[in-house]
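This report refers to the structure that appears directly beneath it.
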Amino acid sequence: MERMKIGKEKFGDFLAALDKQLYAPQKVGETLRFVPITPEDKLDLEFSNTTVPPKSVLFPQTETLYRYELGKTDLNLPDDEAEKVLLGVRPCDARAMAIVDDLFSWDYNDPYYQGKREKTTVVGLACSDPEVNCFCTSVGGGPASTEGLDLLLTDLGEVYLLQPLTEKGNNLCREAAEVLEQATEEDAAAAEKLHQEAAGKIVRKVDTEGVTEKLMELWDHSLWQDLSRACLGCGTCTFLCPTCYCFDIQDEAEGLEGRRCRVWDSCMFAEYTLHASGHNPRPTVRERTRNRVNHKYSYFATKFGKIACVGCGRCINLCPVNIDILNILAEVIKEAI
Amino acid sequence: MNNKPKIGVYVCHCGINISHTVDVEAVAEFASQLPNVRVAREYSYMCSDPGQALIREDIKNEGLNRVVVASCSPRMHELTFRKTLAEAGLNPYYLEMANIREHCSWVHGDREKATAKAKRLVAAAAVKARLLEPLQEKEVDVEPASLIIGAGIAGIQAALDIAEAGFKVYLVEKTPSVGGRMSQLDKTFPTLDCSACILTPKMVDVASHPNIELLTYSQVEDVSGYVGNFDVKVRKKARYVDMDKCTGCGVCAQECRLTGRIPSEFDEGMGKRAAIYLPFPQAVPAKYTIDPERCLMLTRGKCGKSPKCVDACGTGAINFEQEDEIVEFKVGSIIVATGFDVFDASRKPEYGYNDYENVITGLELERLVSASGPTGGDILIGKGDDAYVPKDIAFIKCVGSRDKSVGNEYCSRVCCMYTAKLAHLLTEKIPDANVRVYYMDVRAFGKGFEEFYDRVRREGVRYIRGNPSEVFKRGDKLVVKAENTLTSTPVEDEVDLVVLAVGLEPRRDAREIIDILRLSQSGDRFYMEAHPKLAPVDTATDGVFLAGCAQGPKDIPDTVAQAKGAASSALVLLSSGKVKVQAQVSHINEDTCRGCGYCVEICPYSAIELVTVNQFGHEALVARVNDALCKGCGACVAGCFSGSAQQKSFMDGQILPQIAALGVMR
Amino acid sequence: MVDLEKLRTVAKETISRDDVKYLIGWRQGTYGFRVTPCFIEEPGEAEQLIFSPLCTNNLASYLIVTEKLPLPRGEKPDTRKVAVMVKGCDSRAVVQQLIEQGIKREELYIIGCPCEGVLDLKKVEAKFPHILDPVAAQWGKDKIIFQLPEGVVEVPREEVLAQKCLDCRDPNPVIADITLGEEIEAWGNGEYQDVKELEAKSAEERWAFWEDKFSSCIRCYSCRNVCPMCYCKDCILDRLNPSWIYRSTNISENTAFHLSRAFHLAGRCIECGECERVCPVDIPLMKLNQKFSKEVEEKYGYRPGIDPEAKPLQSSYRPDDKEDFIL
Amino acid sequence: MSEQQFEPSVIAFLCNWCSYAGADLAGTSRIQYPTNLDIIRVMCSGRVNPLFIVNALQQGADGVLVSGCHPGDCHYMEGNFYARRRFTLMNELLNYVGVDAKRFNMSWVSASEGAKWKDVVEEVVENAKEAGPFEQFRRNKINW
Amino acid sequence: MKEIANPYKPEIATIEDTWQETYGDRAIKTFKVVLDDEEIRENWSHRPGQCAMIGILGVGESMISISCSPTEGKFLRFSVMRAGKVTQALHELEPGDKMTVRGPYGNSFPVDDWKGKNILTIGGGIGQAPLRPIIEYVKANRADYKGLSLIYGARTSADLCFKDEFKALDERDDVNYHLSIDIEEEGWEHYVGFVPSLLMEVDPSPENTIAITCGPPVMINFVLQNLKELNFTDEQIYTTLENRMKCGIGKCGRCNVAHLYVCKDGPVFSYATLKSIPEAFA
């Protein structure tokens, strides 16, 4: 389908025309994350990126696998997912979804993730104001990358340009055809220009060529100890990474009902790999940091052919002790030569 | 070993006491549905023999391994049912009770609601029962000996009682002689017995009793272990006089270069002694001691050409090479009878104690009136030719007692009466004396006290109600400035002697014993008893008892009474030969303990200590509980952030499910 | 102000000592205003060290969180000293750790750095976004002087200083083996303005405030991990048996977590503000911590981490402690 | 809860020696009080972990009570002093985050105060009633 | 949710029998369980070496090796060592109780490729559990394989699992076994010492032999060394790895050794695969 556009003031009408659960970035506490909204809610998409990535919708931090009555054995699976629209997803985070899709669908399908993923239309917003630690362009993305998106919006000032990318995207435009207008060539050109400008603003870079092999070469290198030593083993870098999907499964009771649920977990936690015997194959922050970086840039790449990092920069922005994945990669590249 | 919990629930009707408000059948039926419940029954009297038999049979036949009894308060029958379990071969701590009588049927009228509550209580008991662990009740042997610290009248009395009962006593006295404060007194109120006359025989008894090992001039250095099994280390200080050789003749003291130059402690500094000395004539043991802080030989290494004492001593008892000796022994119980110090009157500078020689304390006056005192019993103030007999004499009471400004809020209990006694003795010794007593209140509470007080007043001693604000010198006289609060008139009383009725304070070195025995102090800084009413001779440390003024001010009869109490408490332990230790004690998971020591600080019984352990090659501090000391309060558990301290039968893992059961059951 | 030359000389001397294992200090981070903790083992590395308003990290945390690998049989642990650079607040952490026996005094060499306040990076980065090249900063009179790529910029200190520093009462280390620089006069007033504002609101308003904050928590436990006072080997928040708090994130578990964390720090939190700084979702944790600071100060005259001889607040009591809420 | 009067659930932690015995005395004296309060017995109020309160609120309590011996009367001498400090702090915290102050109560009830125990129960239950059903962070109120 | 098969949804199974293999803090208990759903029970098939996620509703799940061979019947066996919360709760279960089971998971021993070879198992402690199905499988298809040798050791004789089954082997002449304990015990007729030394004592020939080892990490490391010394090639050596697992289906992330997921690509690995992979023996 062709490119469309809509006046910002009419964006609410666009949303109203969609008979779906809407999710958009809103402030919860002090930070932005994707939460359910109604078409009437005020939308403010003028931000660099959300603190909590949209994975929280497709792969919620806590997700019930099934419920049961305590003491009984009948399992109640959750209801089917409703149709959802994720609004204002940044291209890097959308690419992360495309990456995570591989994981959740290899060999076994993950019904919970897939159930949501399939019912979700991802509406992206081209990034106009990358932050200092954004490096999407180094890992195969860009401020207007479309991978993982169904529809891309570009903010042209007065209007949003809508660029449908998939059938789901087309459907949205169809459903809301009434309120949309055809976009012009000039609009498209203006968007293209904005996209390029944004890409030009990205300052941090890394050369990922051969990094997969280099990482394995440097398995025992002292850089791991040196660069991880300050790590606190907090889960920040992983919990908020859009491509991190580790989880734990736990049973919890609420009143007389019990449920088995999965919750986000992090490979940076010491007890993540701790065996019941007390043995821990990754006993210190050194092994854990190495695993995090290797997983993204080597293991995942070996297994799925893609680097599992989209360059959103969250882990760098939010690490309280300035453990900087780009810095680590730079060291790796330097040492491997 | 995990065994699958199989719970039996027994709901008691208690005649109709429970069943008239609680639908016991419904409760039992409900209980039978609870997880892990194998049988649930109701019965008219669970505590009766047939009721208990029911439980025992089910344990045998149904293979029950946990029991819930829903009946009266566990405070009533927990022990009964524990025994029932034990009789059936089950660990008695696999019992949990639900109190559906005192806490339910007796306090509620609404049958429906009461039944619902009973169900909740049973459910909570059942989830806890599920998680109970078997506990062992341990018994430890008691070493048949006692340590008594302090040989004042309290320590002496307790020692004699215990020794008489046939047990070994180690009586440790810090000073060279037994006797304590009482030996300093002249006569004792209210009967005016001569102190020495009633005390000396006991002192001698103590020294000669075959069961008593007297360790004078000695100090307890360390006590470890726990009730029944204390290991004691005592330092016998060097006297520099061979106890076996010394005959107590005293020529050494006469010859000593420092004779008459050193203030005598016994005479409160008013008399003088030599560097080698006997504290007082009736001292026991009657052996001389060299004061290492004064003796020229010991302080400077030289005493003239040769030490005169050595030259004088016919038996060659003096030995400057003598060294402190450490004695170690084991005891089953300990009595602390370290007594008191008198209030230091210079802390009330307004009374001029430091400034005027004719301002003295009650204890000094005791020495003055004593026939064995520095003046041979004459009331003489001042030295040599200037000495005079005072005529106008004022007592000021409550000096250092009932006085927030010096930190002593308590009443010293003896000053009122010793003032009356001393006033009486003064009027006896100085017939024309004019004695008045400034007081806030007169507390004549003991047997014969009021009568004695009355007698003294009738003898002409004037009691003036008012707390003097100042004592100062005007010409030859001292002026006591006060306000007579009964007449609201200011008074400026000119006198020759002011006697300060100083109060009693904890020994200045009380801390030593606190640290050694891990005792606590009450607000008044005296050693704290386990319970002010019901355990006034016990302490928080099992097997350690208090006697006499160490626990708080008291007179001789009370001191002796408490000493006898402490002795009999100690004897209970010694004669039974065994002590049971708590089973529901605290336990620390050393893998998770972070060694912060919170529990150590918290434990009122000093049952926990930090120990260094090796964790994979690294040293780590962890807490460890001594089961024999822990009383099972659980205060440490709630104070442990890491959840490492857990009290058996009251573990977090057992209480949280109880909370859930009660919360969820609505 | 601490002279860099002196700092590095002292550091070199320290690390050259036979009885010192390594030194924990700060160095310039990988970009912009960032600073990172560093572990100096060779005298040569001391050149990296800095001390500036950017040095927010409380390095005392590393004294206790450092993971110890099992030692091979027979090998003795290295018990040489760890040298650590501390600001005023950080030094209180050291004192409190000493009180709680988390560390041994003889295994420490404390380099005190009197501090005129560190920056709130969130404020600074909002003011000067998009800066990649390393920026240095230093203290001026009532202002902070930045060496930005485009030149030197001065900013009034209130605009960029961390909130905890604006109220700081302990700019000088309370414990140190050596102190760099002159003592600084304290400016904080201990009025707990923030807490009082919230207290003045109604219960409903207070809950609305916290509900919003707590519900945004992602339970990453950064706040716990960074805290110099959180050093249980096995935190009850992670424990499954018994399970105090479930791992799922919702207002129930999140609130329980926050109340537990705050409670466990009552009378122990030394107000370094690290927990709040590291929180990726900006939960105002100091408002909870300060509430306790205020209460323990008002009720018990207690300030943690000041007196190494003091007994911990929660393992002591006074018979006349206030009890006005008790029935 | 529409028509029916709200019946709050109150969980109480009582020390064995004073308050539990006081509650026993209320029983032996047949003093009547509401059924809403359920007792968990511990040996000493010093055993009660303040986090139990948080947990009780999570698990379904509308109100909580901790009761021990009067200061100075603790069977274990000091336990209630620690409890007092801990709960003073926990009480402050709960209030501060906006939990109705009426939900958390603490009392000193001695073994001879059966009548006081009744008053305490009535007051605590009344408090919980006034505060209403606890929903702020109750576990089974969570929905997803 | 019904459309896609839900690999997280367990089956309910009933415990038919239990044995206490060993006692003490880290007791081992064996469960024989039968799936409740008849259709699933009939269609269930696992291969030697696979695992299943077993659990208790309200408590949690644990990954446990299936310790029986499919040739033994339509039931499953699990030998569980008591360690954490879930295994502790499992130990409380008795015949008649329910548990949840999902799986089977992971790869398996390539029993087809091994036909015509000598099979040697080297186990330590609870490590015998994953080896038992291969032993049973070979016993059931005895003609397909040549020699069958078992080496097994534990700390003390009381810590040995499947004792009765070893005894029963005395009856057969087509299986030989060697037991060891670490410390001398009265009445013990077998070897005293560690499993790797017993291996050297037994001195098996690498000729046409597959060696499969499982046990604690230290033991495995020494066994590997010794097998090399005995001239076993990397391809002849197999081991099973145990890492923490939560999902069992290659999603939750924690069981990885480098790019391999132990739950999917393992737990059975040939040493040829593992030796190039860092962290495999961490």
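The letters A, B, C, D and E name the chains in turn, as written, and every chain counts its residues from 1.
Operating definition for what follows: contacts are C-beta pairs under 8 Å (C-beta built on N, C-alpha and C of every residue); 3 or more make two chains touch, one makes a residue touch a chain.
Quick caveat: nothing in here was measured; it's all calculated off a predicted structure.
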Any chain that touches chain E and chain D: A, B, C
Among the remaining chains, which ones contact both chain B and chain E? A, C
Using mean Cα positions as chain centres, tell me which chain lies farthest from chain A. B
Chain pair showing more contacts of the two, A-D and A-E: A-E
Would you identify the chain whose Cα-based centre sits farthest away from the centre of chain D? E
I'd like the Å distance between the centres of chain A and chain B, where a centre is the mean of that chain's Cα atoms. 69
Dist(centroid_CA(chain C), centroid_CA(chain E)) in Å evaluates to 49
Rounded Å distance between chain C and chain D, as computed from the means of their C-alpha atoms: 36
Go ahead and note the Å separation of the Cα centroids belonging to chain B and chain C. 45
Which residues does chain E have that touch at least 2 chains other than itself? 60, 84, 88
Numbers and ranges of chain B residues touching at least 2 other chains: 602, 639, 652, 656, 660, 663-664
Contacts with two or more other chains, residues of chain C listed in rising order: 69, 240-241, 244, 250, 314-315, 319
Touching pairs of chains, which are they? A-B, A-C, A-D, A-E, B-C, B-D, B-E, C-D, C-E
For chain B, which residues count as touching chain C in their complex? 523, 591-602, 610, 616-619, 621, 639, 641-643, 651-653, 656-657
Within their complex, chain A touches chain C through residues 28-31, 33, 51-52, 61-62, 131-133, 201, 203-204, 229-230, 232-236, 239-240, 248, 250, 252, 261, 263-264, 266, 270-271, 283-285, 316, 318, 320-324, 326-327
What residues on chain A touch chain D, complex-wise? 60, 62, 64, 254-255, 257
Please output the residues of chain B touching chain E within their complex, sorted ascending. 1-5
Per the touch rule above, chain C residues touching chain A in the complex are 29-32, 34-39, 57, 61-62, 65, 67, 69, 129-132, 212-222, 224-226, 238, 240, 246-250, 274, 277-278, 280-284
